[in-house]
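In the two complexes that follow, subunit A is the common piece, with subunit B as its partner first and subunit C second.
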Partner chain A sequence: MEGVYTVSNGASQFGDQAVLKWTYLFTGTDTTHYLSIFTGTDATYFNLEGTPEADSLVLKGYWRKLVNASIGEVRLILREKHNGKLQLFKGSLAPGDTLVVDGLYGDKSAALNNQLTLTYNRPLNPKPFSIMAHRSGGRTSDLLPASENSVEIIKLASRLGATGIEVDVRFTKDGVPVLYHDNTLNLRLIQKNGLTGPLEDYTYQQLSTLVRLINGEKIPTLEEALETVVNNTSLNFVWLDTKYIGPMDKVQAIQQKYRQKALLAGRNLRIIIGLPTTEAVDSYKALANKDNTPILCELDTSITRSLDARIWAPRWTLGPQTDEVLAMQAEGLTVFVWTLDEPEFIREFISQNHFDGILSNYSPVVAYYHYIEQQ
Partner chain B sequence: MVILRNIVARISQSVGLLVVVASFALGQSPESWPLQPGIYFPQAPLPGKWRKSVGAVFTTTPPELTEEVRVSVPAVDFNIQRGLTKHLFLASRFQTQFVQSNLGLGLRWATPLTNRLFLSAGYDVTGWLGALQIKDVFASEAYGVETFPSISMGYKLTRDLRLTVKSEAIIDLYYRSQVGNLAVVYNRRAINGFAFTFILEQPFYNQRHVSVGIRAAYSNFNWQLWSLYDTFDRNLFYPQLIFGFIL
Partner chain C sequence: MNIRLQTIVWLVCLFISSLTVMAQQPRVRRQQRPLPTLTDTTRGPYTLVVSAGGGLSYYSTHLGVPATLEQTHVSRFGVPSSLRVMWYPDHRLRMGLETGWTTMYSYKGQVAGDNAHVYVSAIPILLVFSMPLAWLRGTDRSLVRRLAITAGTGMYVNHSRLDYAGTVFSNTNSLGWMAAASYTYPIGRKIRLAGELKWFDAVAAENAAFTAEIQFVWRAFSW
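This part shows the complex of A and B:
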């Protein structure tokens, strides 16, 4: 069922192509499957769950455009086109049959009164590519249903198209590594509570008791975040962005602990420490033992080489840097670009086909352009 | 047009009575008030005459773009105008922050509606250009063209003090952005937002006059923040403080 579909009814709202991709979430021994749809207009994603109704599989959920506040409900049914005739999908396709997903969606009104028809066109681009969601899934300012750098958005990240996440690591006053982006507690990220100033001025107990992120979640510890990645998601990459200044040994220990946990769970999960500044590089250099500590360097190629980093991640605002990218890849390095949100540039970077992955607040856009790319 | 002018005149007379009672204390008729220089006030310079100003504009960044950091970005602001006829004049404006600049050229038609109330309609086209070359951070440049149809109402509050309220639509005509050797172009005409400006103009010292005011823009894009690559398809609030010496 995964693939690139042609949009007929609904193209004015969602564009003329859509990517359909299954993801799943583990909760204990339960697995919940979700169908995501990514379209080429306005960073749109659909979050759908399948439920059997009578003799058909019904997909229900919502669609959302990340660039603005557009949102609506959707209800789709799986059908097949057999001998030119549309009928309910029976569970398998005969040669020459085409899968059609159609139904209704709502927009400004709650009523589902707009037709949406998606017809299977071709398989997804199979080329391996890292689609990394910034701030564990996306920015709070994009009005997502979960706050940035929360456990809840980590669980949402796959449905937004991500294969990996970047998280922002800071330390509380009592030395607990937690996820938080900004330099201070502020109303952009947290609910009003009277607390201000650097997060580092508060103990974990204080933050846990008194602070809630903008959608009501607690500020997670790095361990809670990685526990979620390992136990609940299919994400295969975590980029630990170093927002703190100081010793890196605690983060290193946690990175190694969860790498082992992932291996024991049969997961090929890469947990990488990101080095965005010279201070972070110094902290890394000060580690007593650098074995099994994969790093990603955001600084220039010479520093990246000198650290023996396996991943180089330049800013996208430096351009494609094709010669440098190819040279680093020839030396065996992986090259990502960050933080690229501008849809036209995402399309261009992907069509140029040099980078191994893109870090973005708009992982649905990266997913769309990656999966529709024809090799 | 005559009907419109009469309606506007009646409204303004009513409002004027409420707002500027104090000005009548001067005991002087507006007809005898001398022509004063103003850059924003909707009154054409005399044909063949120039008007110029130099000042600064401070634009506060919206939190959606700069997140926890709120900065007021200053730009040097030059204005020059030249009267063409009794009602028609050319207006040009240049704003620069050195790494990014904006040059506008427009035509205005202005007319008095009453002794105190003035009206103008204008159409400006601006071109902007920005370029940033910072090691390991930026190898970027962008430029674009925007157009601003506007209507201004001006009121002589007192002999010396003039209030101008200007409303503008902001329309994007062209945008090109380049990082390294890769460029994208948006070549579509789209309404980007709108803006309201409130300006007071009055004498300051030594026969010089000043323009002081605010501009509230609600727009999808602001040329001064091109390097932040705004992806929101929603109007953000860009408040601006404006200060200019009329030369």
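This part shows the complex of A and C:
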């Protein structure tokens, strides 16, 4: 069912092409299947859950445009076009049959009265590519249903198209590594409670008791976040962005602990420590033992080589840097680019086919342009 | 402490020099003052006016109390103080600087038997403009000459203190504004008493308070 679909009814709202992709969420021994749809218009994503009804598969959920506040409900049914005639999908396709997903969508709180028809066109681009969601899934300012750097958005990241996440690591006053992006507690990220100033001024007990992220979640510890990645998601990459200044040994120990947990769970999960500054490089150099500590360097190529990093991640505003990218890849390095949110540049960077992955706040856009790309 | 002492010494010197200048000026009876003429190009007088006061504040916007707290008690009231230095030129619009200290709100409650207390206050540092409702019209007893509106903009230093599992003091800066209306009553040649209703709004921190203050207004220096 995964593939690139042609949008007929609904093209004016969502564009003329859509990418359909299944994702999974594990809860204990249960697995919940979600169908995501990514379109090329206004960073749209659909979050749908499949429910068998009578003898058909019904997909219910919502659609959302990240560039504005547009949102609505959706109800779709899986069908097949057999001998030019539309009928319910029976579970397998005969040669010449085509999958059609159609149904209705609403706008904001309006009833579902707009027709949406998606017709299978071709398979997804199979080329391996890392689609990494910034701030564990996306920004709070994009009005996502979960706050940035929360356990809840980590669970949502795959449905937003991500194959990996970048998380922002800071330390509380009593030395607990937690996820938080900004330098201070502020109303952009937390619910109003009167507390201000650097997160590092507060103990973990104070934060976990009194501070809630915008959508009501706790500020998670790094361990809670990685536990979620390992136990609940199919994400295959975690980029630990170093937002702290100081010793890195605690983060290294946690990175190694969860790498082992992932291996024991049969997961091919890469957990990488990101080095965005010279201070972070110094902290890495100060580690007593650097074995099994994969790093990603955001600084220039010479520093990246000197550290023997396996991943180089330059800032996207430096341009495609084709020669440097190809040289690093020739030396066996992986090259990512960050933090790219402009749809036209995302399309361009993907079509140039040089980078191994893109870090973005708009992972649905990266997913769309990657999966529709024809080799 | 040294800064406070220097400020007091500076204000006392200013007051003494003002008295000296005043003593050296010839006394002119009101009816003997020359009438202004259209050809008169002299400017002034200019006056430096210092206001200081205090009163009661009420936190006037939404506040957030963590849902984890039990037996919560919220206080929106506080006792603000303010200090303003204004330049009164020979025209209607006056300008100056204002600072002070204003309680925003506080709350307390319990978490698993432990007490938690949060206190939020702000120090405004504002460029303010003020204008009497009338200027040349009427007499000193005229109501409209005693009423003034004031508005300002600048920065608020928002301060929070947390007492729970330790004490944390933190500050964050926020852009903001204020608006006020005042009535000034003369009680001496250089001293006036004013009542002012004021709205403080630290926009970025979403802190806002309505205050009612009594202020002493001292016309410190004229030239």
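Throughout what follows, the second predicted complex is superposed on the first by the 373 of 375 C-alpha atoms of A that agree within 3 Å, B and C clash if a C-alpha of one lies under 4 Å from a C-alpha of the other, contacts with A are read in each partner's own complex, and residues count from 1 in each chain.
Here, contacts are C-beta pairs under 8 Å (C-beta built on N, C-alpha and C of every residue); 3 or more make two chains touch, one makes a residue touch a chain.
Predicted model, so just to flag it, every value in this text is computed and none were measured.
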Label the relationship between subunit B and subunit C on subunit A in the superposed model as either fit or clash.
fit
Touched partner set for A:Gly194, first subunit B, second subunit C, both or neither:
second
Quick check on the superposed pair: does A:Leu326 touch subunit B, subunit C, both, or neither? Answer first, second, both or neither.
neither
Now for A:Gln205: first (subunit B), second (subunit C), both, or neither, which partner does it touch?
second
Could you tell me if A:Asp42 is touching subunit B, subunit C, both of them or neither one (first, second, both, neither)?
first
Of the two partners subunit B and subunit C, more of subunit A gets touched by chain B
Figure out whether A:Leu88 sits in contact with subunit B (first) or subunit C (second), or with both, or with neither.
neither
Contacts for A:Asn186 in the overlay, against subunit B (first) and subunit C (second): which applies, first, second, both or neither?
both
Have a look at where A:Phe345 lands relative to subunit B and subunit C in the superposition and call it first, second, both or neither.
first
Using C-alpha centres only, what angle sits at subunit A with arms pointing to subunit B and subunit C? Round to the nearest 10 degrees.
40
Which value, in Å, gives the least CA distance between subunit B and subunit C in the superposed three-chain arrangement?
7
Residues of subunit A that sit at the subunit B interface in one complex and at the subunit C interface in the other, please.
184, 186
Residues of subunit B touching subunit A in their complex?
63-64, 67-68, 132, 135-140, 177-182, 184, 186, 227, 229, 231-234
What residues on subunit A touch subunit B, complex-wise?
42-43, 65, 67-69, 141, 182-184, 186, 188, 299-300, 314-321, 341-345, 348-349, 352, 361-362
Sites on subunit A touched by subunit C in the complex
184-187, 191-198, 201-203, 205-206, 209-212
Given the complex with subunit A, which residues does subunit C contribute to the contact?
62-69, 104-105, 107, 111, 116, 118-120, 158-160, 162, 164-166, 168, 170-172, 204-206
